[in-house]
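Multiple structures follow.
What follows is a pair of complexes built around subunit A, which joins subunit B in one and subunit C in the other.
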Partner chain A sequence: MSNPLKINPQELKEEIVKDYSAKVARKRSKQIVLSQAKEKGEVPEIMANVRTIPGIITQRGCTYAGCKGVVLGPTRDILNITHGPVGCGYYSWLTRRNQTLPDSDDDANFMTYCFTTDMQENEIVFGGEKKLKKAVQEAYDLFKPKAIGIFSTCPVGLIGDDVHAVAKEMKEKLGINVFGFSCEGYKGVSQSAGHHIANNQLFKHVIGLDDRVSPAKYKINLLGEYNIGGDAFEIEELLKECGIELISTFSGNSTYGRFANSHTADLNTVMCYRSINYVADMMHKKYGIPWIKVNFTGAAATAKSLQKIAAYFGDQKLIARVDRVVKEKLKAVEQAQAEIKARCQGKTAMLFVGGSRAHHYQELFREIGMKVVAAGYEFAHRDDYEGRRVLPSIKVDADSRNIEELHVEKDPDKFKPRVTEAGQKQLAEQGLNFAEYDGLIPEMEAGTLIIDDITHHETEKMIEAYKPDVFCAGIKEKYIIQKMGIPCKQLHSYDYGGPYAGFQGAVNFYREIDRMVNTRIWKFIKSPWQLSPQLIGKLGDS
Partner chain B sequence: MLLRHTTKEIKPREALLINPAKTCQPIGAMYAALGIHACLPHSHGSQGCCAYHRSTLSRHYKEPILAGTSSFTEGSSVFGGQANLLEAINNIFTVYDPEIVAVHTTCLSETIGDDLPQIISKARDEGKIPKGKYIIHANTPSYVGSHVTGFANMCKSMVTYLAEKSGGKKEQVNIIPGFTEPADMREIKRLAGALGVKTVIFPDTSDVLDAPQTGKHVFYPAGGVTVSELRSTGDSIGTIALGMTASASAAKALDAKFKVPCEILNLPIGLRATDAFVDALRKMGSVAVPDVVTEERGRLLDIITDMHQYFYGKKVALFGDPDQMVSLAGFLTDLDMKVVYVLTGTADGKFAERIREITKETAPQAKVAANADLFTLHQWIKNEKVDLLLGNTYGKYIARDEDIPFIRFGFPILDRIGHSYFPSVGYYGGMLLLQKILNALMDRQDRDCPEHQFELVM
Partner chain C sequence: MEKTIIDRPATRNSCVLCAPLGASIVFQGIEGCLPLLHGSQGCATYIRRYLISHFREPVDIASSNFSEESAIFGGKENLKKALSNLITQYQPRLIGVASTCLSETIGDDVRAILKEYRKENQGSPLPEMVNVSTPSYHGSHWDGFWKTVLAVVTQLSSQEEPVRQRLNVFPGLVSTADLRHLREIFTDFGISFSILPDYADSLDSDAWDNYHSLHEGGTPLSEIRAMGRAEFSLDLGQALTAEDSASGYLAKNSGVTRLSCGWPVGINESDAFFRLLSRISSQPVPEKYRQERSRLLDAYYDGHKYMFGKRAVVYGSPEMVAAIVSMLKEIGVIPVFCSTADTDFAGIEERVIELRPDFLIGSSKGYQISRKTGIPLLRAGFPIHDRFGGQRELLLGYRGTQRFFDHLVNVVIAGVQDSSPGGYAYV
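What follows is the complex of A and B.
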């Protein structure tokens, strides 16, 4: 492996962008920055959440994927109908590995199903609302769901189908909740716009419908955890052991009913800030529930997150119980860490994925002594990189402007402040700050490159330069990277493994990375005759 | 239960498709384009389409799938995608240097009515297409047909854009292998080679989507039909199109444009469909079939005769693409299996008639449907169980719920390997397919039979 210290990242950046046209190079240069946060104490500005350049091969997907696929996909008992041609529904059918566990065999679970209006040319020409209405009716007749979601694909917006009007009409007709999402793929610049749209509609149509308050003492929601590979199960179990009641998760292993009741929790804990911060902010404004950033990826981060929750409630009994659980769990983790660290120490990783994982997963690599030499997000905004303090300085461009920003006010009946100002001050003194996220950049070592919306070209150049021991990305990148002789860990689907959250999840991840960076298989690429092509003797010699 | 809401009772549906047995056109066009050497497929639409297609193809092949997108925004959706495509073309040739770019449209660009030939000609006028490089396009609206239609449309574009007639005849036969696996294309080439017929196979994804691990990523792998081979197809003796749905339109276009005669055959899956292919090829190429090929045929037949008892009377359900279904139903019927359910997601007016003609003696009550979904197939199975299910990966949810032996066959296969490496066409592919069927049926017998009937020799 080449020594990352010998690479001049500034020169490398220039070398990478010189293969582009001048115009593309200018833009990409602003999306590639050198981290000097740790040595100079300043966080450089990065350009993010801007359009992908046409023709430049990107990791990004679309708004529909972020809305239907990411945020609403993991809820088992909302019947999701994709309104559009067949493809969008098809590709988002079971491909994201959101596990779910209904309470009984009789409970609804529609996640194994794909429902679509399979729009045909006729509907493109004459409109698809009639077919959509009929589809909603048929879905209701066959499945009797509690709620139906309708997801718009690109042509829906263009031909002017009003999914919200259809939803409203069918809601009244059927007497169940029906709501639409204007998540046409062309909106915004990535999946991120779809997260926002999903957040808005959940907030408008579902959250706050069920006011029954659980008698539990410590009630929280977990936001931005999608139960990939069973992560949410790990966290659910941990919270249970600590005696913390999970009212709802947005949206891993979730149900409609849990969403509807989520405003009765007393704290929102945010995992994937990018995809769900809107719900957190809106619930704060409307219901008075504060939010804190947590991270259940990495053993230390998990411990810290649990302790933050306990500190919030401030009950000594809870604090002691959490400390006990953490101490107990860390024993096994530390044993695994020590064993695996011996084999992984000093190895290098790159993470280019998602809108939070490229940050969260650095914890796990650090815990086994590995260095993250470069990282970046696929669909993040500047605040995910630089922290929420830059929010006021983010310019709203045309692509963001077309995503609805809900105007939220205090609910006259349901708003209930959870902490007093004095209490907030006191918690801040203990290091517990509400609505705060510092972003990825401050955690990056000096001299590392941070790249937003990394392109295929940049991926290849970065690998050639650094030859990392493992590269974390998604399915589209996986086999390209592996063809370069470098193992690729998928951090969207976990390569069909996991869970990686919580303490046991951390150990699972250490073992997985140990397997990937220490396997012998990469040594077999050259055949014996390629390694030593010269024949010593000649055939026929005796 | 995985599909716990699927009931036995079948209610008519007009608007809601549940668990599709098809996907949209563009992915077929992208796959076909990957079968041209040094070609970069390009998706003219929102970037999500391209991401979804690349992801699905990556999962199916476990290989790099590289393609560009016009990355439409709301603005381009309102004002048209011309500026995006021109910019994309410029960037693609600057950064990725392909020999050819194969653009396909999406529901988005089709709905707004982007005129691709006009945009491509503008790109040429503006000097965005380097000399000696090509751009072709296919219209692939997602709201018409299925992934198979998209594949067929891109194949047709290969010849309408590139084929030429030089005046002379070339001693070669064009073969359009249909929406099949790299292994199938490789096997068709091998068979043609064994017969001594020079061929141009298009598209050809062998050595592209089954590329070896070398420690180096090659952006454009060695395989694929070359642009110059495609140009020469107008001079060929004739064309053999394998599969009515996926391959006929390209063959007919060559016939109409350059009078290259064509034969449209079923995909050579199974004994008799392979016989028809070999026979057509020997006649078109004026060659004799060598003994090695006849011997291969004999080996396939030998398995059938030796193991006939395990096939006989077994009830089978199939779902997949029309061309595959026609040949597979024929092959299984030849084995004396009862093909009781055959379903395709693709709309195909003649499908039911063609399948019924095949199954009329062995399964006169067979249920056959085109433009149908897996929810329906599952309901059929709930009403009368089958001994074996063949279809793509999504079939495994039905197979587990109903406890039916299941063989992965078709597209996409997201949870196993092999389909891209081991053919199912030709005599050899037939042998591999029979081995899979026998293993599935006999493993089930070993699992389920009473202990006193457990057999050592089978």
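What follows is the complex of A and C.
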């Protein structure tokens, strides 16, 4: 087992960037920071959400991926058409392992389909709007969906196809909701721009269309949960047991109808802050729904999140019911923790993934006694690292400026404040603050490294230095890391496993990590003749 | 069998991927080569993601990371930065630059940019650089693959090189096990050869003692340079015209004799292949392969009762589909519908529902059809990401056919067994 304490992280950082050219080194130095002691209450500044340097092999994807792949991908009954050449649609065809469960066999589920206009040279030269219109018509004729989303790929913006005009025209013609996304891959610096674009269009075109109010008492939305490996199923079940009604999830196991009705909820709970905070803020402004940050990754965090929701509604009956559920569920979790902790205690992990998971998953590692020695996000902004308090000081650069910022006002009819100012104050005294997120860095122990948009080169160096017991990233990194003799747990697709959310999910994850860090296979890397070459030829010599 | 061309504006569940993916596979199969996609970073990320899900290996593909600015003003500066950063970090021997729909739409002249870059960096050691035009709105990943083979040979081979191999081989998108088997066969015939691309080691490598940031293996650059000095070029698969193929280029410009045969799958095609090698090498077919042939025939006799009269749907690359169909006919299986690239999976599904074949043969992407119809799918080709080891499924030669045949018979037997009322242990 490694001993990270022997490493001087500051020296290591210098060692890592010295292989770059001076200009690259300067930039990367600002994206690698050292966590300081929590007690000081200081959070170091990190550079994030800036362009990736060309030729540095990055983990990041594109705007289209964030929009179509991440946010809209998990909704089963919006028929998504990729407007562009064939590749982009194909690559985003069910690759994220988001699951869905239609209420019946007759309900629409387009997630197993991949629709694309498959643009050819002809359309690049003469424009693709005509083909797009035909494709929308064909999709409608075949499936009669409630809604159709059109997603732009790189060439679309360049040749000047107006997907929004096509959407508007087809919406009027077909009498269903049709909306477009200007999510060309080159916009923004990562998939994060795509999340924002997806949020905007959902807000403009879908949220708030269905005003029917459910008679349930405690109504919430779950934002930023994409049902990878069935996480959302796990959370849905838990909320049900607690008697909390889930109006809509954005967007795991979701439907168009639930999005449309989501403004009737009384609380927004935010999982992946990065990808969905825009919708949370806009719904607050327009409809008066407050939002809180929750985390259903980790048993303790799950318990806390459920308790926070109960505290918000303030009903003693609900609070008692949640406590009862939590207590019951924790029994099995604690038993598994005790068993697995014995084998995992003191082992180390690194997490370089996403815009939330590098934070959330630290809970699970802590629960089995493992230490996170370094972490970072792929496409986060400064607020994901340093907390929302830095929002006013974030410089808006050209790349962020070209993503539309919606101007949102109170809806004259539908705005309804959910909490009074006095109520808010009272909740704050109980530790329940709205629209608050402290970010990843305060979670990290002093002396650990935080690296934004980690490069291939840095990954190698970090592994070489720390030899962590497990490294969490995605499929692009997985086999690189495993070639270095370190197991890699994919936290995008979960390595075909999961769910890892909620209480049972936590146990699933403990067992998975136990299996990975305690397996014997890594010990076979050196063959016996490599380990003790002097034995060669000895047998039968005498 | 019939050919169906479907005219639909929307492609549902495409059978093909985009051209830069094919380019990336070829570059992965060349010694010391780093692929660089000139376009948005999403292309490199998506393609890496896709190749890795099939090969389960590190696949490094760099990008020139276009921003909105470069999309408007051109990607020249980004491409130059990318080249410099790759050279400093990885010291590649070759950088293979493939364009994307983005850089092609704005009309970046990659060849000119590379020329300018070489001029600006005169005096410093530079790797070889090759460029290929692979806009995704033009052709499929197979087209991108073949275009890149042609570009590599056109730009690197030279008449000035010393002779290194008698035979150039262009096998197409075969599995890593197929590549290893081909090497074994040529070696057994005593023919000096060079396979392009050869990703058997780079995309299906062993556990490493020490990490290396550039892939190992791949066709040596010295052999590619010497391709114009070989006696023969051999294309596996007969889908390419002389104009589109590296072998055609070498024949025209260097007088290298162009040979071609189908993928050696089944007795007929394998016989043709082995006979050709025997002719080239003036050697008899080695005993080992005679035995493999005979063993395959014996298996055909034994398995025939399960297979005769069965009906199949086959989809995949033109080379693979042609080869598998030829083999199926030997064993009495009727290919009722075949698809290369001229239809999508929605089209295939309609035909499957209508024709009710006994099994499907093709990539993982046919799984939804298989699930919906209950008709079993035997996975072959690319991509195979819902089964383990898809990258090293052996298909070529008598030996590969044997494996494939065994699998196929077992698919049928399993079907009989699972649907038998009593549940037979002997089927």
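Heads up, the rule we're going with is that the second predicted complex is superposed on the first by the 530 of 542 C-alpha atoms of A that agree within 3 Å, B and C clash if a C-alpha of one lies under 4 Å from a C-alpha of the other, contacts with A are read in each partner's own complex, and residues count from 1 in each chain.
FYI, a contact is a pair of C-beta atoms (placed from the backbone, for glycine too) under 8 Å apart; a residue touches a chain by one contact, two chains touch by 3 or more.
The structure presented is a predicted model; accordingly, all values stated were derived computationally and were not measured.
*Asks:* Subunit B versus subunit C on the shared subunit A, clash or fit?
*Replies:* With subunit A as the common anchor, subunit B and subunit C collide in the superposed model.
*Asks:* Touching A:Asp141, do we find subunit B (first), subunit C (second), both, or neither?
*Replies:* Touch status of A:Asp141: first partner only.
*Asks:* Just subunit B (first), just subunit C (second), both, or neither: which does A:Arg212 touch?
*Replies:* So A:Arg212 meets neither subunit B nor subunit C here.
*Asks:* Of the partners subunit B and subunit C, which touch A:Cys154 in the superposed model: first, second, both, neither?
*Replies:* After superposition on chain A, A:Cys154 lies in contact with both partners, subunit B and subunit C.
*Asks:* In the overlay, answer first, second, both or neither for which of subunit B and subunit C A:Asn109 touches.
*Replies:* First partner only, subunit B.
*Asks:* Quick check on the output: what are the common subunit A residues between the subunit B footprint and the subunit C footprint?
*Replies:* 19-21, 24, 51-65, 81, 84-93, 95, 112-121, 123-124, 131, 134-135, 137-139, 153-155, 157-159, 184-187, 189-190, 398-399, 402, 456-457, 460, 474-476, 478-480, 483-485, 525-526
*Asks:* Looking at the complex, which residues from subunit C come into contact with subunit A?
*Replies:* On the subunit C side, the touching residues are 8-14, 16-21, 36, 39-50, 52-53, 56-71, 78-79, 81-86, 88-89, 100-102, 105-106, 135-138, 140, 205, 207-209, 211, 213, 346, 368.
*Asks:* Show me the residue ranges of subunit A that touch subunit B in the complex, using the header's touch definition.
*Replies:* Against subunit B, subunit A makes touches at 19-21, 24, 51-65, 81, 84-95, 105, 108-110, 112-121, 123-124, 131-135, 137-139, 141-143, 153-155, 157-159, 184-190, 398-399, 402, 456-457, 460, 474-476, 478-485, 522, 525-526.
*Asks:* Spell out the residues on subunit A that touch subunit C in their complex, using ranges where they run on.
*Replies:* 19-21, 24, 51-65, 81, 84-93, 95, 112-121, 123-124, 131, 134-135, 137-139, 153-155, 157-159, 184-187, 189-191, 398-399, 402, 456-457, 460, 463-464, 474-476, 478-480, 483-485, 525-526, 530
*Asks:* Within the complex, which stretch of subunit B touches subunit A?
*Replies:* Against subunit A, subunit B makes touches at 1-5, 7, 11, 13-20, 22-24, 26-27, 42, 45-49, 51-56, 58-59, 61-77, 84-85, 87-92, 94-96, 106-108, 111-112, 141-144, 146, 211, 213-218, 345, 375, 394, 397, 414.
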